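A short worksheet on the structure shown next.
Should a chain be cited, it is by its letter among A, B, C and D, assigned in written order, with residues numbered from 1 in that chain.
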Amino acid sequence: MIDVLYFAWLRERTGLAEERIALPAGTTTVADLIEMLAARHAAAFANRQTIRCAVNQEFADPSVVLHPGDEVAFFPPVTGG
Amino acid sequence: MIDVLYFAWLRERTGLAEERIALPAGTTTVADLIEMLAARHAAAFANRQTIRCAVNQEFADPSVVLHPGDEVAFFPPVTGG
Amino acid sequence: MARIVVGTEDFDVGAEIAALTAGRTDIGGIGCFVGTVRDTAPGAPEVSALTLEHYPAMTQKALAGIVAEAERRWPLLGCTVVHRVGRMLPGENIVLVLAASAHRQAALDATAFLIDWLKTKAPFWKREDRADGSSGWVEAREADDAAAARWAKA
Amino acid sequence: MARIVVGTEDFDVGAEIAALTAGRTDIGGIGCFVGTVRDTAPGAPEVSALTLEHYPAMTQKALAGIVAEAERRWPLLGCTVVHRVGRMLPGENIVLVLAASAHRQAALDATAFLIDWLKTKAPFWKREDRADGSSGWVEAREADDAAAARWAKA
């Protein structure tokens, strides 16, 4: 299992702040996870260019491999400061 | 007549904060004035590369022409801030 | 050495500078940036409030990493980052960055670096409420990416 | 619009920022630089006090000219320069520069410009008293000329 967190309009469009996802057998990358989540949350993941990902609180590329217990967050480009 | 002001080590080396100088007949530039003053204050004007000039409170090159009533100041490169 | 604060409370710039420099006689310059809520932007409706959301578990880590990078690049003698979250009105403070060094160039460059990186690498998001009753998430600016990219190492 | 103060009294950074931004909701960022007396420099004896002399009739004119140039180059919404004169001890404030703008880049660039130009174009001179009993005028640094030259227009 992994924890998936959503922030800003990804939270609004998924209607979720957090959900638990079972990792499928075999290797799963961030890109694979996005495909899985897009099937559930089509509106939230419609424009993938505007989605950023962090794995265990570090920015992560689509190629990063996930492991059980990871905290994976999806959010738009940051706009603080 | 012009007013000549000295600051920082120029004040210390001339021993003067201010003096009145009669302009000679004809055109006098800042460079001409420096020659006149160097005759009186040899130690102060020994190293002319380290001396800056302002005429009427504006930085002035050696070529600037002086007029009666001008306020002419000599000082080292500034070190404020 | 660095002080990093994230919370809903406003900050006092004078008090933060005093805390950074207290008892120090080796500091020659302190660079500072304060970001504030503004209600006007050309061609956009007036903003009546800003709400800052963040990713708490990541925020401290991201800010600490940004500060550590600044300390690696410049000889800093102290550093403070305060970022507010929650709802703020026009004119209110959002963010404070302080960087102290023996020399002004390091202090000023580190200050610019810290706010440029914070704007593109720390997990904060702004949502604005507008005077016309609408609201929406603020979009990231390409200018911010360009500003952060200035600091890339060759 | 700009506030320019030269005198022996210390300044309060928080109060100066508050005065600059009071009632404003169009400011997005305030850049700030505070210069302080430091007692240490590599290979030099410890400094016990600094005395700042200036050319009063020229100082206001020079600072107003520097501020006007900054206002010409950047869309500033406010600007403050406070420079102390007289005798100061290590740790004390010497100079404050504030620049406010809608955007942070203008505020930060104007702040750096103001202090760089002030350091090379405003008639202040520092004399230091040293712990070993000696004293002398601080020499101008080539690095300051180089910093000011960055801002030359092509």
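Here, contacts are C-beta pairs under 8 Å (C-beta built on N, C-alpha and C of every residue); 3 or more make two chains touch, one makes a residue touch a chain.
Because the structure is predicted, anything quoted here is derived from the model rather than measured.
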Hopping only between chains that touch, the fewest steps from subunit B to subunit C number 2
Note, CA centroid farthest from subunit D's centroid sits on chain A
Per the C-alpha centroid definition, the whole-Å distance linking subunit A and subunit D comes out as 48
Whole-angstrom distance, CA centroid of subunit B to CA centroid of subunit D, is 26
When centres are defined as mean Cα positions, the distance from subunit C to subunit D in whole Å is 22
Touching at least 2 other chains, the residues of subunit B are 81
Flagged in subunit D as touching 2+ other chains are 35, 104, 115
Chains touch one another in the pairs A-C, B-D, C-D
Touching subunit D in the complex, subunit C uses residues 12-15, 17, 21, 23-41, 90-91, 102, 104-105, 107-108, 111-112, 115, 143, 147
As the complex stands, subunit D meets subunit B at residues 35, 52-55, 57-58, 61-62, 83, 94-95, 115, 118-127, 137-141, 144
In the complex, subunit A touches subunit C at residues 5, 7-9, 54, 57-59, 71, 73, 75-81
